[in-house]
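Both of the next two complexes hold chain A, though its partner changes from chain B to chain C.
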Partner chain A sequence: MLQLNAETVHTCRDTIKRLSGEDVSRCFQCGKCTAGCPVAIDMDVTPNQVMRLAQINGRERVLASSTIWLCLSCETCSTRCPADIDIAKVMDTLRKISVAEGYPSPEPAITGFHRLFLASVEKYGRLNELELSIKHNLAIMKPTKDIRLAVGLFSKGKINPFGGKVKDRERVKKIFAESQRFVKVYPESIEREAE
Partner chain B sequence: MMEYGYYPGCSLHGTAKEFDLSIKESFTSLGLGLKEVEDWNCCGASSAHETSEELALALAVRILSQAEKAGQKTIVAPCAACYSRLKMANVEVAHDAGLRKRISHIIGQDYQGNVAVRHVTEIYKENKDRLAASVTKPLAGLKIASYYGCLLARPKAVVDWDDAENPTTMDELVTSLGAQALDWSHKTECCGASFSISRGDIAVRLVGDILGAAKLAGADAIAVACPLCQANLDMRQSAAERRNKTTYKLPIIYISQLIGLAQGKDAKALGLDKHMVGAEKVLEKLSAAPIPHGEKKPVAV
Partner chain C sequence: MVESSKDKNITMHTYSEVEQVKGYVGNFDVRIRKKARSVEMSKCTGCQVCVEACPQVVPSEWDLGLGTRKAIYTPFVQAVPNVPVIDRSVCRIFTKSKEKCGAACVRACAAKAVNLKQEDEIINEKFGAIVVATGYSLHPWQKAYGEYGGGRYKDVITALHFERMLQASGPTSGHVVRPSDGKEPKNVVFIQCVGSRDESKGVPYCSGICCMYTAKQAILLKEHCQDAQAYVFYIDLRATKKNYEQFVLRAQRDYGVIYTRGRVSKIYQKSDKLVVRGADTLAGVPVEVEADLVVLATAVVPQPDAVAVARMLAIPHDQFALFTEAHPKLRPVESVTRGIFLAGTCQSPMDIPESVAMASAAAAKVMGILSHSELMLEPTIAEVNAERCSGCLTCTKVCPFDAITTVAYDGRTVSNVIASVCQGCGTCAATCPASAIILKGFTNEEIYAQIEAPFKRMEKEVTAGAPA
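And then the complex of A and B:
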């Protein structure tokens, strides 16, 4: 059960606001975001529930939810929200907080995919589609997944086995090394008080 | 001749080769030129975005800065995901000078914010008179469901040239090619392409919903303008058929390929032989011979 505490009730809301500029307290639970979300039925907490939990500092539930990883960033919700909240951006912010605080991902296939995608870009500066799918299938221990599809793609000349590469790869490495997770400052100490 | 900067992105050099081919073919007939951004890098797509705000911005801004350095004022990005990332990056650095400085430092070169990012459908729309004039073989009798997907018409801050809920740009284009644009339900429903590899079960379900809706509307084919949508709707189609115990057999054709066909170009030169779900039926309907395999025979209409 979520215990409301007058001192901390707005911590999560305030963090989201500081990091994304979005104010979840504007949400009045109309449910439109969830109604139009293509993956709401796959989520353990629906988008409108995420909004409510964020309003009352239910941060643990939200940060550990599958929802933030299942969100496709399709922007359907943001387009339709009558309170003008960019819900997709809130999801995005929650994902980053969740990673920063070390919450385990309830969707390892998805988080693993993002990691492999970025590893490819870091290495070559461009995405190597073939290497990405092979590595992903090995990681989830299904090395022959989609093998027929891959053969078909090869025969149609759609797979470039070597992939493209950026000439200035040093710069790409630098970009990866110097970029920070949050553009705005994220004082973790404030967050910890809530516990 | 008008020449645009061109950001193909990783897909158009790989699985979406035919999008690249057909854009170039159709642009030539429109008297429009394209020049690739020098030494471009991946835009980072949703993976960078979900990991680090700065990384996502830096990758996108390096591309814009490369274009600016070469004096390119407008770049055309055919992938809806790249388009969205690049245009969003432009919006973000325009609003925050400090952020622009920090990003310029990370990428090791300056960016003044002077490069406009445009989607290829926007360019076609803008040149609709030339386009209509270039049609030599109208796509008469063809019923097309135009699929915009999630990022072509949204969010409003990025796409100011079409309606977020009921976009019509592609419908107008296919109409001008002589085809029939269908009114249907799933124009902007997300196809889940980013889960195509990681959560295939979800992607296949969403693909099935979209294909079913297009079938219900009586479509001969679905027109797309994003390599991720094309790959997902095309490659996951057989899995969606197995899941829903039905057959769709709906070719997923790039808008640029439809334009090329109407301009009388060879189906193979437009890469119409590169899809998993073949376009033979569509070509037959245009009273053409099936796609010539091997030999380069122009499609007679």
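And then the complex of A and C:
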């Protein structure tokens, strides 16, 4: 049972607005986001329900949903929204809050992939595709999944088997430090971002 | 109202009831009962001293019991005329109460206008046309909605109670308060469609006005109580007219009204709060709100005596007792009975601009009749052949428009069709055992001729086509 409470409802809307710049209260539930979403069929909460839950502070349900992780950020919803809400951006913000508040991910493979991706970028300043795919396939216990693809990709030069590094890795570290600040100090970061 | 009461072409009969309507367009005979006001209109100055003097205090109908009135009273401040009336059912003099008031009103009146012996007056007058504008009533929700407390909770009120509280001249001097303890509410839940769109407990139709007045009341709540928060439970938001959608959006965006799509299942008391349990069908979750005050938008239903009024006027009504228009698209303000017009919510639920438009249209239609010395009619009406009529008068019983009267003919009583009332339905012609009534344009001969015509042509063609 969700307790409708004006204070938390408005705080929730304000938080999302401050973090994403998007006003979810503008949503009037036409459902066009869900209608156009290529992965909505696999989601446990549809995109329009996510928007509604964001409006009424249904945080437990939305922050633990598979939806925010299944979202591909293809931005079909954002492009088509009649209320001009960047729904993909709201999804992104909800992912951030979900991580910051320590919600367990219902899609560990997806969140794991994201972490490996970021770890790789943090380490080299750019993505090491070979390392990422090996680590990811090991993590999901399917080590041989992409082996056949690998040969073709190597021979055509699509993937550099040795990876590469950017020159100024100090600056990359700074970017990561800045982003970590949000994750670590949320919700205090809200106040600071508002300033 | 004040303006029209002063117009020299308008006679206003207040505290009066139409008891009988006879006749037809251009010739309506109307009997009006002007009820005994017990105050002489010509003498009263409207000073209200009698009202102050009266010791008998009863709940005010105008304020729906939220406030009080005296036994001698004017129903509300702007009432026309500004002349009080004695409610004889509660007045100490008329009820012969043991508590004596010593005719305080009579003694108080300097103009000697209070007349306890006044009697009902019957006015018989002729009218050319009638506009029916008897208004509406509200769904008796207490009986139907036990899950909303059925009237047990004092802080579950209707939108009309809320409207009275918003009035500066109302029972709470414009303060929104909880009827139970007089405190200002913080969380106010508005529930739409109480009785409307409810086939099992109320009426299946949409009342049409609740979406907008709920939005208005939610906005005004915020203007009256800065700390208050409005919640609205709705099924659909029907804001279809000019600027209506924007108005509802303003309530949501500028006044922070929380709209939830779903019907409330139940209201129950928890200490001094009311817990409203509903669902957010858009999020797919059940929800609960702790409310201080609950306002119900009850369905618009016809007046309890609408059927009796329809019968008196010989106008049709639908299964809900809403008066039926002659044609839903082309004759929306006329009744089927010629000369009787409809305006406002007695025909269908509608809001103020629509009622005003309909009333203006009805007035224009009336002018269209009254400005001519003759009436133009459809030629296809019934006619009685007095020679053949046996005077059984079966036709008078079957006519749905009361268009048939009797006349003396050759020493007998025969029936006669009033041309201006007849709608040409043909029921009388079909019923007449002596075939004394014809429907012009649809006589047996004419219909047979129509049936035979194509056969004759076919015959000709067959003959012409045959080899010689």
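Miscellaneous remarks
Simple rule for what comes next: the second predicted complex is superposed on the first by the 169 of 195 C-alpha atoms of A that agree within 3 Å, B and C clash if a C-alpha of one lies under 4 Å from a C-alpha of the other, contacts with A are read in each partner's own complex, and residues count from 1 in each chain.
Criterion: a residue touches a chain if its C-beta (ideal position, glycine included) is under 8 Å from a C-beta of that chain, and two chains touch if they have at least 3 such contacts.
Predicted, not measured: the structure shown is a model, and the values here were computed from it.
Per the definitions stated earlier, placing chain B and chain C onto a shared chain A by superposition produces no clash, and the two fit side by side.
Of the two partner chains placed by the overlay, only chain C lies in contact with A:56; chain B stays clear of it.
In the superposed model, the vertex angle chain B-chain A-chain C (Cα centres) comes to 110 degrees (nearest 10). Touch criterion met: A:96 reaches chain B, while chain C stays clear of it.
When the two structures are aligned on the shared chain, A:48 is found in touch with chain C, with no touch to chain B. One of chain B and chain C touches more residues of chain A, and that partner is B. When both complexes are overlaid on chain A, the residue A:3 reaches chain C alone and has no touch with chain B. Once chain A of one complex is fitted onto chain A of the other, the partner contacts of A:26 are limited to chain C, with no touch recorded for chain B. Nowhere in the superposition do the C-alpha atoms of chain B and chain C come closer than 24 Å.
Contact residues on chain A toward chain B in their complex (touch as defined above): 38-39, 42, 70, 72-76, 78-79, 86, 88, 92, 95-96, 99, 107, 109-110, 112-115, 117-118, 121, 125-127, 129-130, 132-133, 136, 146, 149, 152-153, 156-160, 163-164, 166-168, 171-172, 174-176, 178-183. Touching chain A in their complex are the following residues of chain B: 10-11, 13-17, 39-42, 44-55, 57-59, 62, 99, 105-108, 150-151, 154-156, 164-165, 188-190, 192, 194-195, 197-199, 202, 206, 235, 273-276.
Of all residues in chain A, only 1-6, 9-10, 25-26, 28-29, 45, 48-49, 52-53, 56, 58, 61 touch chain C in the complex they form.
By the touch rule above, chain C contacts chain A in their complex via residues 187, 229, 231, 249, 252-253, 256, 258, 260-261, 277, 280, 282-290.
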